Every structure is written in structure tokens, then in C-alpha cells.
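Naming follows writing order (A, B, C and D), and every chain is counted from residue 1.
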Amino acid sequence: MMPVLNFGIHHQVFIPAVPPDWPGGFWWHWLFFTVVIIAFVLTMVMGAIYIERRGMGRMQSRLGPNRTGPFGLLQPVADAIKVLLKENIVPVKADKLVHWLAPVVAFAPALMLFAVIPFQDGALLADLNIGILYIVAISSVSTVGIFMAGWASSNKYSLLGAMRNVAAIVSYEMPLVLAIVGVVLIAGSLSLNRIVIAQDIPFILLQPLGFFLFFAAGCAEINRSPFDLMEADSEIVAGFHTEYSGMKFAMFYLVEYAEAIAIAAIITTLFLGGWRGPLLPPWLWFVTKVMAVFFTMVWTRTTLPRIRIDQLMALAWKFLLPLAVINLIITAIQVLASWPDTLPWTLVMIIVNFTILAVLVLLWSKFFFRLGWGRIEV
Amino acid sequence: MALKTEPFVLNMGPVHPSTHGVFRMRTTLDGEVVVDIEPIFGYLHRGVEKLAEQRTYTGIIPLTDRLDYISSMNNNLAYCLAVEKLAGIKVPERAEYLRVIMAELQRIAAFLIAVGAFLNDCGAFFTPFMYMFREREKIVDLLEMVSGQRLTYNYIRVGGVSQDIPEEFLPALRTFVAQMPGFIDEYDRLLMQNEILLARAKGVGILTREQAINCAASGPVLRASGVKWDIRQADPYSIYDRFEFDIPTGTVGDCYDRYRVRVAEMRQSLRIIQQAMTQLPPGPVKAAVPHLIRPPVGEAYAHLEAPKGELGFYLVSDNSIAPYRCHIRPPSLINLTALRDMVRGWKVADLIVIFGSIDITVGEIDR
Amino acid sequence: MKFERYGIGIVKGLMVTIMHLLRHPTVSQYPEQRLNTSRRIRGNEFIWDQVKCTGCGTCTKACPQGAIEIVTSTSQEENKYTVDKYQIDTGYCIQCGLCVEACPYEALYLGYAYECAKYQRGELVQTKEMMLESPLRKASGYFSPKRAAKLPKQTLLLERITEKK
Amino acid sequence: MTAVLSGKEIARQLTEKFPESIIESGQDYLVVKNESLLAVAAFLKDTPELNFDYLNFITAVDYYHYFEVVYRLSSLEHNHSLVLKTHCADREDPTLPSVTGLWQGADFQEREIYDLMGINFEGHPNMKRIFLWEGFAGHPMRKDFR
């Protein structure tokens, strides 16, 4: 049975990983979804760039790009063409091979993330039963590419940016994973499709603290503001891609947005009910939710200043990590207690969970969280 | 700190997004920590002081526009005060009031840029900058209306101002003064209590009271360190003794205090404009001053409270049509004296924030 | 227990930015939408009045940049100079307006136009034939209230934006 | 209003303490010998009733046969000011003691004077050109600079 054509049926039955009996086996499926994913990612990135630039423009009391095409819709295309036609400049002292390889290494994992994200019920490249583990494993591989870029550029700004990025990823992986575990506990599966199916009510209501932690850690992971230290333009010029131009820069630009879309898609899948929703077709629900999450990222980027590297670390280890552990324990207790799945009990749960969020965040920031000293005697 | 690391040198600038012009800092970093910095100037050196020795007294006014190019009116005023002191020229009443209005409008505009750029350095992605520029645009509109230029106003003359304000100026100014406090409140809401900004700016880059005085810091930098010293009240020039206003001061002398002092000063400037607007008398706007001024032999120092600090002109006359020596006391340059002590031990990110909170204009540093 | 610092500031800031989505943008679309400049704009053209100019050269002395060149010869009939050559290098000009201010006969004005970029430096030199007033080359109202009154009113951002507050 | 202290008044106090240090004194200025500059400056800064803790600016004026270096001092506490001057006759290698030890604010200004006027300040921690590049010939603010 091929999941491509039979959306919404196969999830009750466990599907063994045997090749279907049509010619080509999994290859058609693979080909179809690879094309779909690349098209989807590229389109979504363009949409994201458009939303980011226009939305940010309007929030900053200006218009944003509005000259290319109707409402400036073709601006991402124009940007892409411009960047393709640019000269590719490589610094003389750069490590040529690594410099060339870095964008590719960064770009591939960003695409690979989408392999396990369900666009509709069962509509995904590989319904891995360890989907979320796969995501956790793959999402930090981009860092290798970014560090390669920073190292190979032989530029001190690039190196600083790359170092910051590695430090941030290493720290933020922990609360990120722990926040996911809460969801996995409730859903009882590691497969993203199963998690979506388990969400009769979006998990943001059952896991508000988990959502908050995941959003913060996710933003840090993909270096969106206020955690955009690795390309902090006012401090280290452009961070790791200072020395990149032309198509290679475009790749990094693409990675940045593809990762943002990926995180938004994961948040949608884990917390917002994925493709589920009334009236509209599932894929439209999915895209809408992704864009809504992305808009929130744009919104925070427009408003918030950037935090410092030691504060970033402090936030990860002293704030997000303990809260994530507490969240995990509370979720485990809730799951073990196995509250009845009826409406009044669910409402109580929602209220309890939000209260826990508010109380924990306030208590922690008031009594336990200290940023520490910023100055070091030299 | 058992890990032994090797410091490296990073040249920040002259082309860098947040060095506010062509300014260069030769920083020695140990990882992210700033071990040492050496500011390097001179990329915008135009020899204004030497040029001034070859120009007529009136011809220097356009030059002063180009010192601190975001507060041209204050520069014009400082220079004209010095020449008036040197030549003993009395300025008509109306001109004095117009000067005060223009100088205060310019001060608000300059502080808007200072605060916007500071918040931008903190990493707020251009949003405060854009909002501040929107307000500055309104001021620039007003100043364009009276002077005909948007940046280098060249409006204040020796013995008054170049021409009277047009009749549509006062109503527009009234609207502006009525609107502006609302906008300042909005900026306060935007970032004043933001936790991230507090974490980034509070306690960062502390300049103690003693050191601020010893380093001859002036303006908001000095006041943020808790020194109640504003030349408008300490040594009133023009007609500032007729207005009521407070001097906002900080307590700690960190970046956040400097930011807060600037925002508070905008409100005080609005108060001054409001008073000046209501008291504005009719009359001539320029004293009878010859085209080529020949002040008697002597010297004069006139200083005023520019947005950056104490801006002074030290003029020596030899009774010719050009000054024998024209020295400019640049507040931006002197405020930077303490930069090294302020940033040592902080991170690179703090270096940018501290530097942004001092608020310099390279046109004035290098002259 | 004060809750001032625990997220309230961030939420306030987020509210300010999101509210701006509902406001008018403050920008103008330049080539299509032109705002009126100040009536006293010091544009980068010069308008020279052939009749009023006596060739006294005050403007040359007043110019801090030395951008004005004037060559005169004494005329036999009238008690006045004839201006043989009068040219301003707007490449040197800094639009300070001191020449206009200095002119005792109101013979020199700054232009109202501001789009006078040229491709070559030589084209920036304005000779006396080029500087005559014409409907295409309007004079600005700088130091001339009479002319200023005829020019269109300046667009102010203050009035153009209809935001609340 | 900042009170301008009479140079003559200060000169009287100074001659008691440092005899033969004053060259000339006027209504609002005071010219001291350059060898006693540091002592006078320290006295002006540290005497409680004078307390000149704020150095407004330093500049130098070239009078062809000598350089005049001008220090304008203020007291933020008492709100008074004084112009202190000193002369430097040597044109080839003019040297003055640096006041950076007393007022750190003199740092960049002394470097500026060294750069543009060519007056060497002894005791300055980092005496090198500030605006012009190393290796620039001459000092442009001198009147005979071509």
C-alpha cells in the first residue's frame, strides 16, 4: 500500500517496511517527495523572505519591497537573480576547498529535515518511527557547515561568528530535546505523523511550557533574533558569511530561511496540530500554521535586542534546561496519572498546565535565574 | 579560567556597521573578551581648523555645519557665540529666541539619532532606528522650512540668524511639540523596560563620577555618571537663564543611564521649546554686522551644551578678516578618552554597546 | 513582589511593533510621489538676473569655496560694470547660500530644483547664459520672501501622517 | 554663570607658593613658565578652594617666535574657570610636561597638539600622531607649514 495516494488510512495499521509491489518500489515515492520537498522548501523560503521583508517593513513604519511584481511579490526572485549574477569572491588566504564545501554541507541537512515532516496525513518522504530523533540528529549538522565557513574564510569576524554558533548549538540542543520529550510522552510515539494524529487538541495547550522552551531554543538553534549572535551585524559585521558572495552566499541565505521554516514546521507538527484543522485542506492548514509561526519569529526579530554570548549560555543552562527537566517530570506524572480523556478533564489540564507555565517562569526568573557577571578582569 | 588562550588583534573599522562613521578600534581580544583597545582616528580629517584660518568669519559658518553633522545648528550657534564674544556684538531679542528654538529642536533630533543608533547597536533590528528617524524627519522638515537645507543648515549668523521664520513655522512647531511626548512615551514602551536591553545595558560600561570628571567627559556621558553639570544652567549662554528645565542625571554611569538621560533630555528640550515659543517677541532677527567682520585683537572661548557634550570654540583674532587661530573643543573626541577603561574586560558585543552609548560623530572627532 | 522585569517589558515592546502594522507607513514613493520641498530650498542651481547685476563681485568674496568666477569690464556710457564672464562651479558649491545673502542688488538666487546630477564634472559649471531665469528654472525663496510666497507650500511629515496621538 | 577667576588673584596665591613661576597675569588668564607648569597645575587641581577638577580643553597657538599652549580649567564644584597658559619658545623641538597624570582628559588633546603643532609632551603614555599618518612630514597647524 502506497501512502502517496491513500492519505488518512494507513495510520491505524502498522506498515512494515517492505517495498510495494509496483515497479520501482520505493523509488517513485522517493522521487516524488524529493521533488515536492525541494519545491516546497524553495517556495516557502521565498514566501518567508517576502513575509519577513514586508512584515518587518510595515512594523518599522515603512513599506518594504514593493517594486518588483504585484505588491513586490517577485522580490525574492529578483534577489535570487541578483545574487546569482554576482561575482564569487574567495579570499586569497581562504581554505579554498572548505570554503567551497561549507555552503553545501550547511544546506543539505536543512533540506533533509523536511523528509520526516508530514504535509498531510501520511504525505511525507519517510514515515520513520524515530522521526523526531532523526530531526534532532540532523538539525545540528548544519553547524558543521557553518563552522567550516567560519574557519575557511580566514576572517576573524567569521571565526567569532562560527564559534558563537557552535557554542549556542551545543547548549541549546539540550532544552530543545527535553522539550520534545514531553510531547513524545503524551503522544506515545516518535513518528511525527503519529504525533500529529495524536493531537486531538493541539499540544500547545497541554504543553505550554514545552512550547515556550522549544520556541526559545529553536530560535537560538537557527540563530533568529534575539539569539542571532552568529551573524550579529552590529558586532561582527556578518558573522560566518562575511567572506561569502554570489551563489555561495545565496546558499547560506537559503539555509537560514530553510532552517527557520523547518523549525516552524516542527513547531507546527509538535505543538500546533500539524496539518489538522477544520474546513481547509490539510496541506493548507500546515502552510498557514508554518507561516504564522514564522511571522512570530519575524515579530520578535523586529522588536527585541540581541543578547550577549554569556547571557545566551546562562539562559540555556540556568533557565531553559532546569525548566525543561521540570516540565518533563510534570508531564511524566500527568501521563502516568492517565487522566480521563473527556472534555472537562482536558479543560482542567489546560488550565493547570498554563498555571504551571506562569508560576514556573516567574519563580525561576525571580529567584533562581541569575545572568552572572559580564565583566572579566583582564 | 584555567584554559590558556592566545589573544588576537581585530581591527574594527574603519568600515564596520556600527562604528558610526569611519572610526577604527584596534582591539585585542581573548576569545570574546576585550583585553585592550586603541581608538584610531583620522579617516575623516579635513583640517577644519587650518581651513578656518583662511576664511572670513562668516565663511566659517558652513564649515562648522560639517563638524558634528547631525547637530549643525548647535555648531553654528557655538561658533557665532564665540565670534560675538570676540567682537562684542549684541544679538536682537527675537534672534536669541529663534536660536534657542532651533538649538533645542536640533538637540532632540540628535538625541533621536543617538538613542536609535544605540538601540540598533544593542541589536534591535533597525526598528527603534526607523521610529526615531521618523520623528527626526519631522524636525528636519521644520528646520528645512526655516533654513532651506536638511542637514547643513547654516542658519545662525554672527549677530542673529540669517532670516526670520516663515509664517507657517509656528503652527507646525506647535503641532510637533504637542505630538512629540506621545511618541517618546511610545519609545519608552518599546524598549525602555525590555529585559534583554536591561541585561545588555545595565551595569555595562560603568564610568564612575570621578573618572568622568577626570576624563573631561561632558554632556549626557557626564550627567549619566551623576554629575549635575549642564552648561545651559552652569554657564548660561544666549538666553537659557530665562527658561525653566531640569537636568536629568543618572546614578551609576552605565550604558542604560546614558540612554535614559538622553530620553529624559528630549522631554526637557520640549519644555524649553514650549516656553520659548510662547515668549517669542517680534522684532529684527539680525544685528547690523558688516560683511567682513574684523574683531579686535584678543581671544575668546565660547562653549555650549551640544547634544554630544561641551562644544567650544576658541578664537584668536589679530584684527584681520579671518581668525588667527580657531580651535574647536570636540566633545566626541574627549568623551572617547575613557573608552579604553570602560570596555576592558567586557565582551565584543559590549564594546559595541558601550561605544554606541557614548554617541560620537566622526566628523567632529577628526575635524 | 514586582513583576516589572519578568517579561512585561518584552510584551510591551511586542505590542508597539505589532500596532505599527495598523498605522500608515511614513515613507513616500519618490520618483512617482514627489513631496514639495521647502520654499527656501537651497537647490543646486543658480538663477542670475542679468539686469540687476552690477558686477560688484560681492558674491565672489562671500563664497567660502571660491566657486564663483566673475570678470567685468567698465562700461563707458553707464556708471556700471558689464559682466563679461560670470560662472559658478556647482561642483565646488556647498549650497551655503552666503552669496545670495551677500548680494546687495538681489541679482542672484538659488534654484528651486534639486535633481541636477550630471554625468561629467564639466557639466556642473554654470555659465551666465545658463543661469538666466526661465519657467523650467525656478528660483527658490531663499532670502526672497516675495518669491517664497509664490512657491507651493512645503509638505510636512507632521501634517501628512494621520496617526493617532 | 561660571565665574571667571581673576588671573591676578591666582597669581598672587601662586607666587607665595611657587616664586618666579608666573610670567604674566591678566584679568582672565595666567601665563606660567613651562618648567613650573606641572607644579602649578597640581596646585590648582588639589587646592580645595580652587579645585580645578575639569580640564575643558588644551590647545596651542603658533605666534611664530613661540608657541602658546592654552589650558582652560574649570571646577564643577565651585563653578569657576581659569585660563592657564604657557609658552614654548623652542621651534625645533618644543617640549612641555604632560598633564595626563592630573587630568586624563588631556590624553587625546595632547596627542592632537603633537600631531598638528609638533609640541612634544613629556610623560604622555602614548605620544604619537593621532589624525595624520605616521611619517607625515611637518605639523600642519604651524603657521609656516606649506
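Following the convention adopted for this analysis, contacts are C-beta pairs under 8 Å (C-beta built on N, C-alpha and C of every residue); 3 or more make two chains touch, one makes a residue touch a chain.
Quick caveat, the model's predicted, so the values are computed rather than measured.
With contact taken as defined at the outset, chain B and chain C are each touched by A.
Chain centres here are C-alpha means, and the one lying farthest from chain D is A.
Nearest to the overall CA centre, using the mean of each chain's CA atoms, is chain B. Averaged C-alpha coordinates give centres for chain C and chain D that are 44 Å from one another. Centroids built from CA atoms put chain D at 26 Å from chain B. In terms of their C-alpha centroids, the spacing between chain A and chain D amounts to 62 Å. Residues of chain B in contact with at least two other chains: 127, 134, 190-191, 194, 196-197. Chain D has no residue in contact with two or more other chains. Counting partners per residue, chain C has 5-7, 10, 13, 16-17, 26 as the residues that reach two or more other chains. In terms of which chains touch, the assembly is arranged in some other way, matching none of the line, ring, star or all-to-all patterns. All chain pairs that touch, listed by label, are A-B, A-C, B-C, B-D.
By the touch criterion given at the top, residues 41-42, 45, 47, 49-50, 211, 213-217, 227, 229, 234-236, 241, 301, 303, 310, 312, 314, 316, 324-325, 327, 329, 333-334, 336-338, 366-367 of chain B touch chain D in their complex. Interface residues of chain D facing chain B in the complex, by the touch rule stated above, are 1-2, 53-57, 59, 61-62, 70, 72, 76, 79, 83, 103-109, 112, 116, 129-133, 140-141. Across the interface of their complex, chain A is touched by residues 1, 8, 10, 16-18, 30-36, 119-127, 130-131, 134, 190-191, 194, 196-197, 199-200, 203-204, 344-350, 352 of chain B.
Residue ranges on chain A touching chain B, taken from their complex, read 56, 59-62, 156-157, 160, 163-164, 225-226, 228-229, 232-237, 301-311, 371, 374-378. Listing the residues of chain B that touch chain C in their complex gives 55-56, 58-63, 65, 127, 134, 137-138, 141-142, 144-149, 152, 154, 162-163, 166, 168, 172, 175-176, 179, 182-183, 186, 189-198, 291-292.
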